[in-house]
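Next come two complexes, and both contain chain A; in the first it sits with chain B, in the second with chain C.
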Partner chain A sequence: MIESLLSAQLLFAAAVLGALYALIGLGLNLVYGTMRLLNIAHGDILMVGAFAAFWWFTLTSLSPLIALPLIAVFGAAIGLALYFALFRHQLAQELDASVIEGRSLLLFFGVSVVTQNVTALLFTATPRAYRHLDEVYRFGDLAMTGNRIAALVCAVTLLIAMLIFLKKTLFGIEIRALIQHREAARIVGVNVEKVQMVAISIGFAVTAIAGTLLSMTEQTNPFMGFRFTIAAFVVIIIGGLGNIRGGIIAGFLLAVMEIYAVTIFSAEARSILIYGGFVLAIILRPQGLLGVRKRA
Partner chain B sequence: MNRKQLLGLAATAMLVSAALPTWAADPVRIGYTMARTGLFAAAAPSQEQAYELWRDQVNADGGLDVVGERRPVEFVSYDDESDPAKSAQLYERLITSDDVDLLLAPWGTPHHLNVAGIAEQYGFPIVGNTAASVAIREVQPGNIWFPTSAIPDQIGPELAAMLGYSGITSVSIISNVLPFSQENLSFLTPALKKAGIEIRMSENYPPDISDMTPLIIQIKAADADAVLALTYPADAFLYMGQARELGVEADLQFLLIGPTIDAFGKAFGPAADGVVTLAHWSPEQSAWPRAKPFFDAYVAKFGQEPDYLDSALAYMSVEILQQAVATAGLDKDALRAAITDGTFDTINGEVRFDGVQNSVTPTAFVQRQGDKVQLVWPKDIATAPLQ
Partner chain C sequence: MRDTFTLITVILAGVGLLYFGSIGAGPYWQIVALNLAMWIALTQSWSLFSGLTGYISLGHAVAYGLGAYMMATLFSEWPIWVLVPMGGLVAGVFALIVALPVLRVRGPYFVILSFGLSELVKYVLLVVETALGQSSRLLFGAPGTQTLLVWMLALAAVATLLRHVIGLSRFGQGLVAIREDETAAETIGIPITRYKVLAFALSTVIPGMVGAVMALRSTYFEVLQVFSPTISFTIVTIAIIGGAGDARGPVLGAVFLIALSETLRGVSPQLYLVFLGLSLIFFVRFVPNGLTGLLRGGGR
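Our next item is the complex of A and B:
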C-alpha cells in the first residue's frame, strides 16, 4: 500500500488535477474576493474557453497553447461585458455584501443558463474533441501524456505568475487590499472601480485559460461546466473565501484527496470523502485553511 | 397599371411560382420532444440530427407517402430540458393542442417510459429508439415499440459469449454508478461466472470522476486478459486517455457507451483502434443496402459521423414509421396494426416486432478498426473478425 501511495504516477495525476483545480478556484476567488460576486456561471466560462480552443484548433490546426493570450483576452472581455451590464451599477451602490452575494447568485444563474443554451444553439450539444500533444512520454514507471504535461506546466506557471503579480505589483497589492477591506482600501486611495474591472478581467481570463488546458485532455460540450463550478466553490471555501493563497493550496489538497481516496478506499468513496471533507472544513474552519477567525 | 405592366407582372408571378416547390397537400405534422438542455443534452443531438436528415430526405424526395399521396413533413418539437415528466406533459400537448399527425420518440429510457403512458392513454402509436433497459418489457404493448437490441439482459450473456469465443479467461471491470452501467453490470457478472471467466477486479466509480489513474493502476495490477469499462460518454473519454497514458495492454478493451461518438475517434485517432463497444449497426454491412447511404448522407449534412447506436436507432424508427404510414396512412388504429404486424426494411436490415421488442436484430458489438467501425459480433452479421 505504502509503495502504491508513493507512486510517481499518482503524484503526477494529483499534480495535474491540483494545478487545474487551483487555477479554476483562483478565477472564482478573485471575482468573489474583490466584489463578493458569487459566480455560479464560473464553469460555463471555462466551457467557453474550451470551445474557443476547440474551434481555434479545428479552424487553424495550430496549437491552442499559441492562442492562450487570445482566449484570455476573450475571457476577460466576457467578464468586463458582464461587469458593465449587470454589476457595476449595483456595486456602486455600496450595498451590504450579503445583498450583493444574493443578487449575483441569481444573475449568474441566468448567465449560466443563457451561456449553455446559446453555445448549444450555435454549435449543438454534440461532444467535441481534438487530438493535440498526445504522445506518451515514459520515465521508468512514470508515464505522462504531452497534453497533461502542457496543462500542468501552463497552470503552475500561471499560478506562480499570479502570486507574484498579487504580491509585487501595485495593482496586485490594490487587489489584495480590496479583498481584505473594501472601505479601508478606498480610504487609502485605491481606485475601487478600476481594481474591480481588472479583477473580473483576470478572473475570467484565468478561467478561460483553464478551459483551454482542459479541452486538450477531455471532451468539450456546452453542459460540461457544472462540475467545475462545484469544484471551484469547494476549493475557495476550503481555502477561505477571497484567500488567494489558501485557494491555491486547497486546489492541490482537493486533488490529493480525490486521487488518494480512490487509491486507499474505493472510487465509490470519492464523492463521499470530498464532500464530507468539505462539510467538515466548513464546520471546523469556516474561515478556510489559512484564514484567521474574525472576532465578533 | 397598363396592359404591358400587367403581363410582365403575371409572367414574373408564373416564373416565381415555378421556381418554388409546390405542395398540393397539407403537411404531415410530426411532433417530438428532445433533451436540448439539461443533463442529457450532450447525448441527444445524434438522435435529433437523424430525424432532421430523414425529414429533409423525405421532402426532397417529394414528401411522405401517405397511402399513395405525397405530403411534406413538418416537425413540431419542444425542448423537454432532460426532464422525463416534462416530456410526458409536452407529448400530451402535442397530441391534444398541437394536433400532430404522428409522433417520434424523445431521447433516453426514462423519457420513453414516461411517454409510453401518454401513448397508451391516447392510443397514439410511437416507434421508440434510444431506450435500452429491461424495464421496456414492462410497458403495455400496443402503442410503443423498441427497435433496439441493446438490452442489458441480452448484452451480458452476448458479451460473455464473445469473450469466451476470443479466448479471454479473465477480466477487470470498472463501472459508472449510473443506471445503464449498473443494469449491465448486474447481468454481466453472472454471465461471466457462468462462462467460466474470472473477474479479477470490479470497481464502481461516480459519474463526476475527474481522474482514473488509481483505477487504471488497479486494472494494470490485476493483469486480466480484458478490461470491461461500463462507461457513459464523458468517462469513456477519461478512461481511454488515461489507459493509453498508463499503457493498459489487455487483449481486449470494451467500453459500454462512448466509442461510437464522432468526437471519440477525433480525440484518440489510431490509439482507439481495437476498442470494442455496444452497437448493432455499421455502414460496412453490405447486406443492409440502406446503411452506407445513410452514413454518407449524415456525414455530408452534419460534417461528422452518426452515432452508431443512437443515430442509427433514431433513423430506423423513422424508417419504420414511414413504411407503416405508406400502407396504413395516418389513422391510429390502422397504423398500430401496420407496425405490430409489419416487417420493415431499415438501415439495420429487417425489423419485426414481437410485443414491444424488435425480434430480428441481434445484440451486437462493434470494434474500431482503422478509420472504420466494424461489426465483430455475432458472427452471422459481422463485417470483420474481432482483432
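Our next item is the complex of A and C:
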C-alpha cells in the first residue's frame, strides 16, 4: 500500500494536474489582484478553452498544441470584451474595493450561467473527448501518455515564461505594482487602465490555454468549469494574493492532495476535499480571502 | 400598524386570487401558481436574512434540499403535516450549527463561502446516499397539486408577512444597522452575532418547508437535483431583479421570473437559464442601486 502510494505514477498525475491548477490560479490571481474582480466564471473560461480545442481538433485534425496561440487570443478577447462591457466603467469610478468585489461576483455569476448554457445550447451537454497523442511511454514502472507529457511540458513552460514576464519586464512589474498598491502604482505613473486590460487579457488567455491542455487528458462538458473555479480560489487563498510563486506551490499542493484523496478513498472524495478545503480556507481567514496584503 | 393591515389584506387577496383563479383556469395554471408561490416563499425568507443584513447567501439550496430529503426519507412513515414543519426545523437547526463560523466571514467572501458550503453538503450527502445504496428515492401516493398549492400559498403568505413584520421590528432595524456598518452597530450595543445567527437560522426554516412540499410535487428525490446551485442562484436573481428592500421586491421578482420561465422553459431550459443570467447581469450593471445597498455594509 505504502509503496503504491509513493509510486511515480501518482506523482506524475499530481504534477500534470498541479501544473494546470497553478496556471488557472495564476490567471485568477492576475484578474483578482489587479482589479478586485471576483471571477466566479473563471472555470468556465477554462471550459471554453477546452471546447475550442475539441472543435479545433475535430474540424482540422491538427494538434490542439498548434492552436494554443489562437486559443490564447480567443481567451484574451473574451476577457477584454467583458472588461469593456461590464467592468471598465465601474473600475474607473474608484469605488470601494468591497463594492467592486460584490458587484463583480454577481456579474461573473451571471456570466458563468450564460457561458455554460450557451455552450450547452450550441454543443449539447454531452461530454466530449478526443484521442490525440495517446501513445504510452514507459520509464521503469512509470507509464505516461503522450498527451499528459505534452500538457505538463506546455504548462510548466508557460508558468516559467509568466514568472519571467512578471519579474523582468516593465509590464510585469507594473502588474505586480498594481496588485500590491493601486494608489501608489498610479502615483508613480503606472497607466492603471492599460495594465488592467493587459492583466485581464493574460489572465483569461492563460486560463483558456489550461483548458486546452486539460481537454487533451479529460472529458469536456459545458458544466465542468465550476470545479476549477473553486480549485483556483483554493490555490490563491493558500498561496496568497499577488504571490505568484506561492500560488504555483499551492497549485501543486492541492493536486497532490486531490490525487491521493481520489486514490485512497473514491472519486467523490475529490469534490468533498476541494469544497471542504475551500470552506476551511475561507473560514480560517476571516480577515478576507487573501488577507496577506490589503489595499490601503 | 396600518401598513401591516394593508399588507395582510393584499396577501389575502393575492392568495385568494392565485388559489381560485388557478383552480378555475386548470391544471397548468395550478402548477404556475405553485411555482410562483414557491419562489415568493423562498425569496422572502432569503431576504429576511440577506436583504436585511447584506450577507448575500448563495447557499439556501441547502435548506430546500434538507427539507426535501426529510420528506423523501420519512414519507412512508409519518404524515405530511408533521414532515413539512420538520423539514423547516432540520434546515433551521443545520443553519444554527454552521452559523457561528460561517457568519464571521463578511462581504463577498461570505457569498462564495455560502456557495462552497452548499456544494460541500451536496457532495457529502451524495456519498452518504451512494453508501446507502440510494441513488434516488420515489414517493408513492403523494397528494395532488391542489393540496400542495394550499401548503405553498400558506408558506408564501407567512414568509411575506414575516419579512414585513421583522423588517419593521427592533430586531430588523438591528439587522439593517449591521448591513450599513457592522462595527458601528456593535459599538452602539446591537448584539450583532446573536442577531445574525438568529436571522440566518430563521431565514432557512421556510425554505426547508418549501423543499419538503416540493419533494411531494416531484415525487422523486435525487441529491444533485434538490441541492442544485440553480435554486440559490434563482433566489438571488429574483431578489436583485425585484429588489430586496421590502416585501414587495421578491413578489415582483418572482412574477418576472415565472413569466420568463413559462415563456422559455418550454422552448429550452438552457435558453431560459441564459436569459436568467442575462437578466442578472443587466440588473446588476444598469440597475445597481438595490445591490449597492445590499453589499455596502457587508464588505467592510
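The rule is short, and it goes like this: the second predicted complex is superposed on the first by the 253 of 296 C-alpha atoms of A that agree within 3 Å, B and C clash if a C-alpha of one lies under 4 Å from a C-alpha of the other, contacts with A are read in each partner's own complex, and residues count from 1 in each chain.
FYI, contacts are C-beta pairs under 8 Å (C-beta built on N, C-alpha and C of every residue); 3 or more make two chains touch, one makes a residue touch a chain.
Computed from a predicted model, the values in this text were never measured in an experiment.
Look at A:Arg131: by the touch rule set out above, it reaches chain B but stays clear of chain C.
Of the two partner chains, neither chain B nor chain C is touched by A:Val156. Look at A:Ile283: by the touch rule set out above, it reaches chain C but stays clear of chain B.
By the touch criterion defined above, A:Leu70 lies against neither chain B nor chain C after alignment on the C-alpha atoms of chain A.
Of the two partner chains placed by superposition, only chain C is touched by A:Leu106; chain B is not. Contacts of A:Leu80 after superposition on the shared chain: neither chain B nor chain C is touched. In the superposed model, A:Ile173 makes contact with neither chain B nor chain C.
Residue contacts after overlaying the shared chain place A:Ala120 against chain B and chain C alike. In the superposition on chain A, A:Glu268 makes contact with both chain B and chain C. In the superposition on chain A, the residues of chain A contacting both chain B and chain C are 113, 116-117, 120, 230, 266, 268, 271. Against chain B, in their complex, chain A makes its touches with residues 4, 7, 9-10, 12-13, 16-17, 113, 116-117, 120, 124-131, 134, 136, 138, 143-145, 148, 217-219, 221-224, 227, 230-231, 255, 258-260, 262-263, 266-268, 270-271.
Put simply, chain A touches chain C in their complex at residues 38, 40, 86, 96-99, 101-103, 105-107, 109-114, 116-118, 120-121, 226, 230, 233, 266, 268-269, 271-272, 275-276, 278-279, 282-283, 286, 288-289.
In the complex of the two chains, the chain B residues touching chain A come out as 36-39, 41-42, 44-46, 49, 174, 177, 203-206, 208-211, 213-215, 217, 233-234, 237-238, 241, 244-247, 261-264, 266-269, 271, 304.
Only residues 56, 58, 101-102, 104-109, 111-113, 116-117, 119-120, 123-124, 126-127, 130, 229, 233, 236, 240, 268, 270-271, 273-274, 276-281, 284-285, 288, 291-292, 294-296, 298-300 of chain C touch chain A when the two sit together in their complex.
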